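To keep things simple, chains are lettered A, B, C and D as they appear, and every chain counts its residues starting from 1.
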Amino acid sequence: MSKSIANTRSATGIPSARLITWWVIASEIVIFGGLLASYSMHRLGHPEWQSSAAHTNTWAGAFNTLVLLTSSLSAVLAHKAADGGNGAQAAKYLRLTILGGAIFLAVKAFEWTTEIREGFTLPAGGFWSFYYTLTGLHGLHVLAGMLIMLVIAADAAKNEELQRVECVGLYWHFVDIVWIFLFPLLYIAR
Amino acid sequence: MSTQLHAAEPGIFRKYLWSTDHKIISMQYLFTGMVMGLVGGYLAYVFRMQLAFPNRDVPGFGLVTPGKYNALVTMHGTIMIFWVAMPVLVAAFGNFLIPLMIGCDDMAFPRINRLSYQIFFFSTVVLLSSFLVKGGAFGGSWTAYPPLSAKGAYNLTPAGASLWLIAVVLEFVAFLLGGVNFVVTAMNGRAPGMKMYDLPMVVWLIVLASIMFMASVGPLVAGAVMLLFDQTLATGFYDPARGGDPLLWQHLFWFFGHPEVYVVLLPAIGIVADVLAVFARKKLFGYRTILYTAWATAVLSFVVWAHHQFIAGIDPRMANIFSITTLIISIPIAEMVFVYIATLYGGSIRFTTPMLWALAFIAEFLIGGVTGIFLGASGADIYLHDTYFVIAHFHYTFVPIAVIGTFAGLTFWYPKMFGRMMNETLGKIHFWGTIVGFNVVFIPLFITGAAGDQRRVYNYALFPEQARPELQHLRTLSTIGLLVMLASQLPFLFNFIWSLRHGERAEANPWRSNTLEWTVASPPPHGNFAEMPTVYRGPYEYGTPGRSEDYWPQNVPDEVLQRP
Amino acid sequence: MLQRFLTGASSYSHSVDHLIFLVAAIVGFWLLAAEGALFWLMFKFRHREGRGPQYITGEEKHLTRWISIPHSLVILCDIVIIVYAVTVWVNIKQTLPPAGQTVRIYGQQWTWSFQQPGPDGVLDTADDIRTVGELHVRAGTTYHFELVSRDTVHSFSVPAFRLKQDALPGRVITGWFLPTRPGTYDIQCTQMCGLGHALMAARVVVETPQEHAAWLQRASNPSLAAQTVPPATAVAPAIATVAEVRP
Amino acid sequence: MSNETHLHHPNYVKVWAVLVVLLAVSVLGSLTSIRWLILITAFGVAVVKAYLVAKNFMHVTIEKRFVPYLLVTCLVFMALLFAGVAPDVMKHSGLHWENSAAKQAVESGTHNAAPKHE
């Protein structure tokens, strides 16, 4: 299917694919923002949640931050490669990013299983409810990003749709930024 | 995001059900919305009959028990806002008009557009299926305040409550996908020469509505996830006994809920602006004034939400802030209405059916607007909150929006959508029946509300002050009005269906309008424009001095306009 | 104005009525003016043969006056309304005049119950009087209420008092009223609270000091009360109806 | 993306290295028991990290102006949401109201610091 003319026009000077990514990110900001605002005001009002928060694994969280930061690096390197027209290299970097996402989710799964074994399940208290909801929603975004990247990497390897590399990268950086705030909010704050 | 490439093989299925053409998707939204409108109207019929003739079998339904009554009012509210006003005003008109009016072939992302409708359709199925589950449909009112909505033990419809919530969230996702598409298309896809200030008002306001929707719905999506967990996974986000707070939901709901009013208002206002200009043969009185007041309203609407919660247990000092912001929002809206009225000055008004609807919109919306002042004034709201006064007030805003505004748009663009003219006589019968019926429904309700009738009550027998016969007469009168209003939709339905085949064939520009959609054949072919248009001026150049014609289409170059 | 629809029976019912009247007068004027202008323009500029439309952009100074002057007046009216509305609000919801008596109000699915001090005049003592569906108060005494919900959100509404306040589970919300006119008035629940929302009716009985003293005596002597105080309302059978409907 | 000028790509590895150092700072900060230090190294550093990612990886600063405005507007709306809701939800008492359930939860929670198993 050929692209719609509307898609190829760019009256704002921003290509449509990137423009829609920005709008998606804006709408995601308010989704995460609403949840984070709800969590923050509860956390500030409930000092007793500290005892629950102390059970999160700061080292696992820190390692995951490192993983996401690194995957952001490979995502932006993929963008650079795509910008230079090197689809094969872009695909390679995208797959590295996917690998980073996979490691992130694996660590997350390890954390969740440990915590659930210790009895800290979703309904085990206000902090845990927010913890699983926040990390779960974020994890879903990681997963979605990985799936999208899988498709885009396959196209990029054939030097097709290279502009999408940058867009999925933007999305990935946004997910990274969300985690940058989740890390102190859930693991460090006391 | 699907990346499969579909070959353009136009079978029936591909053409009408799996199409990525914005016009087809618009029709899908339109027809789904119209069917849901019939459902919502039927629900209103049932509960108004119960209120007029308590505890008698309602023809076509049966006995209305308290539980059924709650489900009826809940679903009426939910359906009319999320499954009628949103799909028809934002999605159907947005899909149909944006690409045509900005002069391009389709949405920027046609497949995301199709996905949006598919999710919406799925949400419709989920919502309707909740009528069939054990316990029946959700009855905790469309605001779904927890703990009532969170615990099956309280609402007695655990399955219905969860299905309701899932349906609403899916609907939000559908409109988020649709909304980003609208915004990007209008921003990027404009024809050469078309500046942002050359956009027809309806496009501007649908885009603004989509932006508002995007910016406000997020917290409620998060809140809905939390509520769903409360319902199904035994969390305690809204359970005070477990560190949660039921007020949180109310805030998240109304942080979205109030902008949502303007999300559906703005497209209707836009439709009215376009219809008004065409049939008054007048340039809008201050295009930019309308635009700026719309922006001001949009921004302000994010800081007024707690006026829905004055007496909900929020800190009383906060109520003062929200009372002030609420009255401030009346300033841009008043300005906007004045500008609409002023647009008629110096016009040459043709009272066609679409114009009647547009004028009725202004006349009726004024009533809805001014009665809002009573409720925004915190001191008066203590008494009027959650009475029928509120119901009458917001129906005087929502009916002009979702009924009158929609009919203004439908009758105006029908020739373009289907290539046939509608019957004017039937259109006028429909108009007068609807308008008279509508006023007879809701004027009595202002009075019963002022007399203290509280909402969502299936029978006032236990409240001597409310069970007075004079109030009961008013309720009966209101129900009679509804019957008139509903019966008046029959000529419309007949007209709509009959004209599809037998209406007079519409030429490309039957209303002699300026905007780009009228420069292509009716109905527009796939791809819309044989040759992509270039735009030379704004959309409202009517009655320009020195021209033989009283209109001046946007795509006609300047040199051609010298008289032949 | 509201008095015509429903009696006012508390010290602040008049201020609410006055506010509503003020708003009605102001917005009524604007509504009539705007509708008048709309219909006049519709008539004046209807299409007639030989008369084309004028070309007006809406930037002409002598014409924009017609918008900007009414608009400034609207702002002025808004300020008047805000000031009065906030005054009434502050008086009813924010100030708390000294209490003559304190009652506790419980909302639960689907009934209102009340706890008020017995002869000793102190709440939370052994002689407290607990009633269901009926609140007895003395005219001329300032009451504080502590509003509590036992399950979902309810809203305690006494239209004759012009009083309304939601009851939230987990919270105690304090407010006040001063009944002035003896009589029996409706108590409603105005927040959707489930199946029996429409059945959540109660009464507030405003009594003269003598009547109230007599009631107090009867109520604080349970054996006597059981015989002489029949439920004044049909609430009890209504609840039974709900119980049948409940699956 | 034919009509787009190629943007200048900064040295991304360098940016990444700075981010990792900042991460180390916040982790080290969390090991201390000085409350203000923990909060600054956690949230102050998070803001800096987010800014670095947005600036260098997302190129927000060289994007068309309205994009950063849009994102900031969304954040401002969230701040407004917080400001409007916190007086009711974060605080547990106010003018003529008291969230006794929340107060009780705080009290019982801080007394027996053991995790809640419900």
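In this section, contacts are C-beta pairs under 8 Å (C-beta built on N, C-alpha and C of every residue); 3 or more make two chains touch, one makes a residue touch a chain.
If you're wondering where the values come from, they're calculated on a predicted model, not measured in any experiment.
More inter-chain C-beta contacts link the pair B-C than the other of B-C and A-B.
Subunit B and subunit C have centres, each the mean of its CA atoms, that are 30 Å apart.
Each chain gets one centre point, the mean of its Cα atoms, and the points for subunit B and subunit D are 36 Å apart. A straight line joining the Cα centres of subunit A and subunit C is 49 Å long.
Multi-chain contact residues of subunit B (touching two or more other chains) are listed as 215-216, 219, 240-243, 245, 247-248, 252, 255, 313, 316-317. In subunit D, the residues that touch at least two other chains are 74, 77-78, 81, 85, 89, 91, 95-97, 99, 101-102, 105, 109, 118. Annotation for subunit A: residues 10, 12, 14-15, 23, 26, 29-30, 33-34, 37-38, 42, 46, 49, 123, 125-126 touch two or more other chains.
By the contact rule set out at the top, the touching chain pairs are A-B, A-D, B-C, B-D, C-D.
Note for the complex: subunit A touches subunit D at residues 10, 12-15, 22-23, 25-26, 29-30, 33-34, 36-38, 40-42, 44-49, 51-52, 55, 58, 62, 65-66, 69-70, 72-73, 75-77, 80, 83, 119-120, 123-126, 162-163, 166, 169-170, 173-174, 176-177, 180-181, 183-184, 187-190.
Per the touch definition, subunit D reaches subunit C in the complex via residues 95-102. Chain contact summary for the complex, subunit B toward subunit D: residues 215-216, 219, 240-243, 245, 247-248, 251-252, 255, 302-303, 305-306, 313-318, 322. Across the interface of their complex, subunit B is touched by residues 73-74, 77-78, 80-81, 84-85, 87-89, 91, 94-97, 99, 101-102, 105, 109, 118 of subunit D.
Listing the residues of subunit B that touch subunit C in their complex gives 65-67, 69-70, 135, 139-141, 143, 145, 147-148, 154-156, 240-241, 245-247, 280-287, 289, 310-313, 316-317, 319-320, 323-324, 327-328, 330-331, 334-335, 337-339, 341-351, 359, 362-363, 366-367, 370-371, 373-374, 376-380, 382-387, 447, 450-452, 454-466, 542-545, 550.
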